[in-house]
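Both of the next two complexes hold subunit A, though its partner changes from subunit B to subunit C.
Coming up: the complex of A and B.
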């Protein structure tokens, strides 16, 4: 299978002359169809088979279980609320039709901006947005109006990424920038009880239905059981409710080595420790909530696996990753329990730690620098 | 002093085509060359002209800054070509050998800067030719090469134990000699890894390093007063037809060896002076050697030749294909899924083999992923941070992060596994060159 006719066709249509400004776009499609024939020149004459495209695609594949479950859950929640007697396949189809416009808008708007910036700069189009573009529709309420999604995507890609120089240069997770933009610009569409369950197949009408976190913020105990939350049959953002589906994705990311196990583990550790601390204080009902509920509710698991692990915006040193993850988990639980203004603290916690990550790395690297300097002086003293 | 160290971080690349343990004598090759660009820190001044008769050990070029340092002719014969590159840079001085090797015998030979074997001693930092005015804190000799398809040092030194001992004794007059037996995956055998494990280099310190076979060559010089630098090189690689060891003289033309390796059904069509573009010939290891032509010459410090297929072909949707025969440090290919079942390989009727070629397997990107370099980089250094300091040219930060402890080859595995396809070894070499020129 070498599809020579296709590679020949690509070589034939390569933009030249007055069309050469289309180079980035051509290159993006060409390398999507074919891994380039470029060879090494010196140094390591052979190279690992993995590249950026494949690494990013692994993230997309890891999102598929959560995506498929989320689609089903959208239909399931509507069916439960309306009392409709739907086949499970129809529930999935319903959710699929609700998700599709969100995904299409996210990719079309985001990729258009990515291509435009790549063309303008004469760069190759970076594949990072393939993951970001899927993450954004997966973490918004199902009833989010499409124009809001489009605006949020544009804000995230331009302000969150491109102004810093594109993928690899940004310091905030672009998907969470989009989510934060929506959260602060259109709060009525992003929280409360009337956003999580779609009323019908089209439009942004919603049926009332509280998430466990909404109930807790209102001072009530969550009505859903821990098992429901583990499986994910609860209202919430489109595709982040099922801890099991997220765990499947996490297994792929950890096996392939794409995500850092240090970050995922330490986020859960940090959240768990903070939860236990609140259990020990036990001042109110929320503090008495079993610590593991924090893992099951809201965006904690999704954030830990898919957001905190974004390698560009996370800490980059191994020691730094532990500190970064522990603090994300701890701050997320702290915000949930102690800040009534924001029922969910995961997004803000990760964004905050994104800002802190360079500082953490700086301190970790400074230790290494200091150790090296003191080794040199020790030597001098001994010799002198 | 003898050391045994064990390294855990690293990676052995399962490249096929290991050299069979059989030594073919190829010392009678007709053309030889010294290549000044291989010797870092050596600014050549030509001492001979085309057509000049030279004897074995006669200096062909000397260092402009320290004329005691020379690169001698490995054989007696006639200078047949002086090859210059861009900006008239001296690339090669080619000597056509006599039928009989004449060599001037030196009385009371010793390991002095003027000795024809001096260039075999390298100095860290910078990997330059040893400066006799420096006082090294140690001389390191690695007794194992862990590069893909590298020669077995014990095997190639067989029969030269006496010369090796004499070489160690001669080097011992300059500083304490550390012979290191390293265990573990590549880069355990890299001398840089060993220095970092035994006595890391600080700013203002120097260590010297010598290849094990060159220790024997130094020993031979000291014992006999004759310059006859010999190496047994491992010739192999997936594209080599006759993977064996070859006994050669330093700087040998690889023409006759290459002819055998590239032999194909249309054999006679491979004219001796053309390159087979389907195959890349690498003097040195596939991880940090340099590509040479089929009628080129062995690199000054190399003791292996690798033959590998050029990979200038497209691959359909490489980002999603399962990739059963793809080798990756990440486990993003089906081959990675099979890795846990390696123990069962002996039971399999057909053993899984990886295909390697020179394809880059992707496009160049900024650094996105983190954490993998650390797993193949057994230094107390933050590799990504050091690479970035080199890219931005922050000399002070490079020093703080430990640039003096590394050589490009120490980053070879980082470069290999990098999904961003960055030329890391080139970045490190260029940064080191800036520092070296500032230090002069």
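Coming up: the complex of A and C.
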């Protein structure tokens, strides 16, 4: 295909004169379509085809399996609850129509704010929101009213990101900030057993149906089997239920090196160890729950793969990543088991460790400096 | 400094909350609703103004080494008075404010004005400075109380505004985050952001 017409068109519409204030917006679309010609000339640098746009797009691609499965699951849950006899393709179509408004609202509101800020500050528009904007609708209940999603997105982008200077400067994961906002501002739409299953194609009416964690928090045993949870045919936030679909995305992220394997592994390790500890205590039913259930329920897998690994908000040092991940997993399970007020601990646990990540890095670096300094002085003494 | 400036400056350029960042604790705690915020604001104005005058009158007789304890005695006397008045006339609000009336004693704005201003100034400027800083504090308190009660509980001074506007019928809901203290902190941050963008000379480098 010859895209010269497009490049000519871009050259023709390049904003000049009184329109030059639109420069950042133009730049954003231009580099979205074409690789920028500007290359680094001075200093040492690595030649690589991967830049931020490509790595963010890779995250979006990694989200696709979970997204597609989530759409089908929305329809499947409604069909199961209403007793309707739907073809699996119609289930998917139903979920697609339910998800579409959420995704559109998230992207429109978020990108509008991003462009407005970049334009006002004279920065380039950053690509970070392409992933965040898809993550937000994937981690909310399907019946969340759209205006609340819009409000949460605005809050996350402005308070979670732009006040600190935009993508790369934020210390909290913006998608989780949006979810936390919804969770605390409109708790009736974010927890309980009346939000997870859409009643019909439009509106925010829901059919009662508890998630495994809702049942556990209420003191019952989960009615879904471990296999159901692994495949993901359970009620839950739109796209977080299927561990298999998430694992497909995780493989892509690990293969391309965008997500840190240390973080993913240590989150599961931390959660597993905490689960085993509770098994050993065995004080109540929730504590006696097999530890691997924690990996399958709720947002644990989704959080570990797509949220905890956010390179901006995670710990940067390798040792720091282990500590960061272990504590995320441990805190998530701790919150789930010990605090019935918060049935899902993963969101709060990741946000908490986001806050702690710079401290962890600081300690790791300081310790390293100290160790090297003492090694150097020891050598000097030996030589002297 | 002109006397008028003493009242004007704490409003914006030297606002106790926005610029000096003092008294934030009570401003997070009592602003979930408008009424307690207003009562708290009035109490603080009274305490700061009177304490400033009294300390200014005593300033030449207070030995420097024990000045803080003298200041505290004066402030706590005033706070106890205010507390009794509140209990007598607005008992329900006084219960809502609970410990925070007593904590005016440790409010950094009061101590800050006494140390920085009343100890070295004559009574009249001290009075004006106290009123000015109290008002500067009040403005923020009332703005926060207004926003938080309106969006958090859907009421203003107890009057169900959102219900009368018929917003609940079209799907509007109160924002539960607004009545929690963290949101008050975020709102203060947003006001500071706006305030700094209006006063570039206040921005730290």
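FYI, the second predicted complex is superposed on the first by the 368 of 384 C-alpha atoms of A that agree within 3 Å, B and C clash if a C-alpha of one lies under 4 Å from a C-alpha of the other, contacts with A are read in each partner's own complex, and residues count from 1 in each chain.
Quick note on the criterion: a residue touches a chain if its C-beta (ideal position, glycine included) is under 8 Å from a C-beta of that chain, and two chains touch if they have at least 3 such contacts.
Computed from a prediction, not measured in an experiment: that's the story for all the values here.
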Worksheet item: Do subunit B and subunit C fit side by side on subunit A after the overlay, or clash?
Response: fit
Practice prompt. Have a look at where A:147 lands relative to subunit B and subunit C in the superposition and call it first, second, both or neither.
Written response: second
Fill in: Following superposition on chain A: angle at subunit A, subunit B versus subunit C, Cα, nearest 10°
100
Practice prompt. Report for A:187: first if it touches subunit B alone, second if subunit C alone, otherwise both or neither.
Written response: second
Discussion item. Just to be sure I read the superposition right, which of the two partners does A:228 touch: subunit B = first, subunit C = second, or both, or neither?
Written reply: neither
Item to complete: Examine A:31 and indicate which partner it touches, taking first as subunit B and second as subunit C; both and neither are also allowed.
Response: first
Worksheet item: Rounded to a whole Å, what is the shortest Cα gap between subunit B and subunit C in the overlaid structures?
Response: 13
Worksheet item: Residue overlap on subunit A between the subunit B contact set and the subunit C contact set?
Response: none
Worksheet item: Touching subunit C in the complex: which residues of subunit A?
Response: 145, 147-148, 159, 163, 181, 184-189, 204
Discussion item. Residue numbers of subunit B touching subunit A in their complex, please.
Written reply: 13, 15, 200, 202-205, 280, 282, 286-291, 306, 308, 310-320, 323, 326-333, 336, 356-372, 374, 380-382, 384-385, 400-402, 408, 412-413, 415-421, 423-426
Worksheet entry | Residue ranges of subunit A in contact with subunit B within the complex | 1-3, 6-7, 27, 31-55, 57-58, 124, 126, 128, 166-169, 255-258, 260, 262, 311-312, 314, 316-318, 321, 361, 365, 368-369, 371-373, 375-376, 379
Discussion item. For the complex, give me every residue of subunit C touching subunit A.
Written reply: 171, 173, 175-178, 180, 186, 189, 193
